[in-house]
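First chain written, first letter: the chains are A, B, C and D, and each begins at residue 1.
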């Protein structure tokens, strides 16, 4: 009898310890610290790369984060993710040209437009599974590109793109590189925080469950179509935000923002860093940008290098760099633990 | 109009030759093979290389191109695809994309970035009911049809073909048979690569030969294969010709939209018949 | 009134009739066993009941409501929960995380998408542990599910199902692939549930469930050929014939004291 | 939690990676060179880069640039714009941030247009080596220190139209142009000329960029039976449309005038498809047609051609020649200004606008374009049997002098 009580007590104790751990993991303090650390990483990058590059990197990271939600967490590979980046960018460009002079309002419009586009396309494509999902999205992306290039050429400027000249309003001045940097960094942190909350919630666990076995999740009583759609829309919206920032950062929008071929870069960045991990997406975004920005300067055959790197990831480092680091760390930790326990025994 | 249909058929024929291998690979191995386009490009380049350096006539050059590209296809299967066998779709997707990137760079390294000229090997025209057609185009269409029936025959009559068909139908089921299906799949892969190379060889005199020639046709290929149904060989045949025709006819009345109709058609088909695979 | 009834339930796959005009009835809080040789249509029947695919013909009623065309998730919400023949848990997730979607639903979060998306998964920890305690896996809550033994994963799957508060629990060959020790564990768990919820259980080997179920249905070639309490059913020559073949005997089935 | 240590490890690694990219300075003048070295523009971009580098090499071999008492060598910082405007914009920003504020760039029109927008604030001086839509050079659009060594695509339209009307005296002309910025620019120029000849019927057929098959467009032309078709595709599209026109026997029905061809594209076209086609070109490597008429220009062109042959064992492509001229002019500007400040260099060039280019005497206009004496060259494509060497793809029949090269300055919004 006493034994049972003791056992119960032990279980309870364990439960509480683990619970506390879980709670602090998701706690406010930790999140703030994480955000500060990410901010510091980007600030460290500035003196080496210049503010404009750090800004580019941060925007790219936002787009990769949005893609990671869809691909890394929910396991749905899309080859049409740039459509929403493009929708966000073009909406900002057009809004600032025809509707408003306020870039912040334009960003809101861009995000809303991307969200709506995501809702419409998502409603069709989330019903499709596997490879066909990737390719169907690609088809929609291609249609978007075509719309910009041809039927809407008169307002989008077609191939030449669209220059945005209303970049400053009130205190908001996107002509100023320093402002751009801080604004984009703040945006990145916001997006990260949001996705951090989403992915560590029950919803996040559900997404990972869907990734592993969607059918099984249906037999847990979840309408997976709905959640897939919600995730798709969320990813599209965040991507649209990234697109809106791209437009303001360059003061220029061009069809390249929704070029289907550029999608591979996002997939690559996501995998490189480690898919299904927000830090992986950040790291992947930074390293991909480093590779594509610096490598061509020193090395003409960067396509070759990219190919080899991709193969290496697929064959050797599935978890990407972050996953590799995690494995390395847990390996070291395990060794340290076993080492210390041995010590304890010898003592 | 007759001409437009005729040229729609040529486009369809080339699309078929490239897509069928793609469809085959997907149906049997569940691999979306980006590298497919590099065998296509390779076919065209090897054709040129063998004409230039060996001085062989076009058709022998073409044979060399197809053979070597098939070999390259085997290499890709052996060293990339087979290692990812049964893995998640995404990884094969990405690995073959990597192969594509490497392949493009190797082509650039071997032959340079400049487009290469290839002449029409026949250069004659045929007069049918008052309509004049280049013989070469008729040949391309004819070859596509021959390949189609050849494949049908192959799938029906030979053991390998039967296993591949069974695999297309139910992959897990075939694996349960306990035969070394991998061997047959790899054959299907090489066959697909060879057909893609054939497509490249045949299209070379009509189009421009350059390192990125594959990446462009790839998107259309996706459209064809999805419209026809992944792994559905007859569907692929019909879809390539239907889309080829659609492209050609739209081009006549709405030039800007000629290519996008293929994707719209694909989206429509997917809408009507979602793929759960 | 029965908890679940079917009328004329039929499923054809091409030319093959997997389930042929089955009229099944499960009473409230009873434990029903469905037995039959391989390919007799048991799993197909469960698939139809749980909404895996729609029937070719016939209807399914649950608590008097026609559920024939409801999706699996709607049936789960009504209280019809199933497990799979091959253990189906989320191997890449931690054990307690496996339960998060189930208990999150229970705690009412399901009704507010925003709450569902923003409340940390860790807040369901206590409920998850509670559900794991039912099957005795609470000590492994932090382990990755894929690293558990097969038997433990079976238990985890049952915990998943139970945490959904089922009215009807459909178990598809819960003992297949388990070692004797594991079977005993699972069996003990099921016995503790008996009478509290309605259980439908498919089993290939009669011996496993014969002393545990209230009623047995025997399927062969898509039909229910016989049903009744276990001793009646096992005494039925028709069952013997189709199930063991003529030369087999009940002793072979290891049924003693019937 | 492992995340913390991981993050710090990552920070250190990033620093290491980044530190490797930090640049250093010497006694050199750095100029930016950016072309499309990968992507669809790759064939052109490569030779353009060669052109710019040859110009730098020549200047360095002649002793470099003397500013005050100090002699500086010129160093090119080469970047790849990947045929993407956004990448180009990013690279230009990088140049400026690295202190490189003088550049020669430009393979594709839209890429260069984007760069013009980027330097509207005067942060850099750019000499583009490709042609762009004319409207970019209007006063309200042009960046303060933006120039091009080639010109406006609209000019192609005007010059070719003038030549076609003068030479073939057509009644019905079809312009078959690519449906993007380049084609639309040419169309603007064509319209400007044909409007003055209301008796000539002009129709447009637009072809999508990168379509796999041009036959449906060619058939449309054949069926319409125009006297002349003016084609203006670029890149691999140009190769395809000429190949397919030959295949379909277009020349039997209609005179084919190809608006603008360059050697790197001509190399990709089978000789029989070029045979007998009238080719417009900004420039041709062999200017022997001018030997007697204008010896100075001929000798200058020959000198460059020989230097090129020596360096690259190839003939200078048109696009390459423009890159060469652009770089030469940029360096001349630095020398004149005794400074690398964009404003001063630009000012210096505008104050001393005359120079001798590959294609004859030229002078810089205030709208950032040079006016060349010989605007355009007209050639007839040669079949395989008539070719002396692999570069010999056309026989030049005329060096076209015309005012149509540039619109009057008043129309561009200057003065």
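Rule of thumb we're sticking to: a residue touches a chain if its C-beta (ideal position, glycine included) is under 8 Å from a C-beta of that chain, and two chains touch if they have at least 3 such contacts.
As the structure is a computational prediction, the values presented were derived from the model and not from experiment.
Think of the whole protein's Cα atoms as having one middle point; the chain whose own Cα middle lies nearest to it is A. A separation of 73 Å divides the Cα centre of chain C from that of chain D. Averaged Cα coordinates give chain B a centre that lies 36 Å from the centre of chain D. Centroids built from CA atoms put chain C at 40 Å from chain A.
Residue positions of chain A with contacts to 2 or more other chains are 25, 150, 303. Shown for chain C are the residues in touch with two or more other chains, of which there are none. Multi-chain contact residues, meaning those touching two or more other chains, occur in chain B at positions 256, 259. Under the contact rule defined at the top, the touching pairs of chains are A-B, A-C, A-D, B-D. Chain D meets chain A in the complex at residues 1-3, 5-7, 9-11, 14-15, 17-19, 21-22, 37-38, 78-80, 82, 84-87, 89-90, 93-94, 97-98, 109-110, 113-114, 117-118, 121, 133, 179-181, 184, 208-209. Residue ranges on chain C touching chain A, taken from their complex, read 50, 71-73, 76-77, 81-82, 84, 88-93, 97-98, 100-102, 104-105, 109, 113, 116-126, 129, 133, 138-139, 141-142, 160, 164. Residue ranges of chain A in contact with chain B, taken from their complex: 71, 77, 124, 127-132, 134-136, 138-140, 142-143, 146, 150-151, 260-261, 264, 267-268, 271, 301, 303-304, 306-311, 313-315, 318.
Chain B makes touch with chain D in their complex at residues 3-4, 7, 10-11, 14, 108, 113-120, 123, 125, 132, 134, 136-137, 205-213, 216-217, 220, 247-249, 251-252, 255-256, 258-259. On the chain B side of its complex with chain A, the touching residues are 26, 30, 32, 80, 83-84, 89-91, 93-95, 97-106, 109, 215, 219, 222-223, 226, 230, 256-257, 259-260, 263-264, 266-267, 270-271, 274-277.
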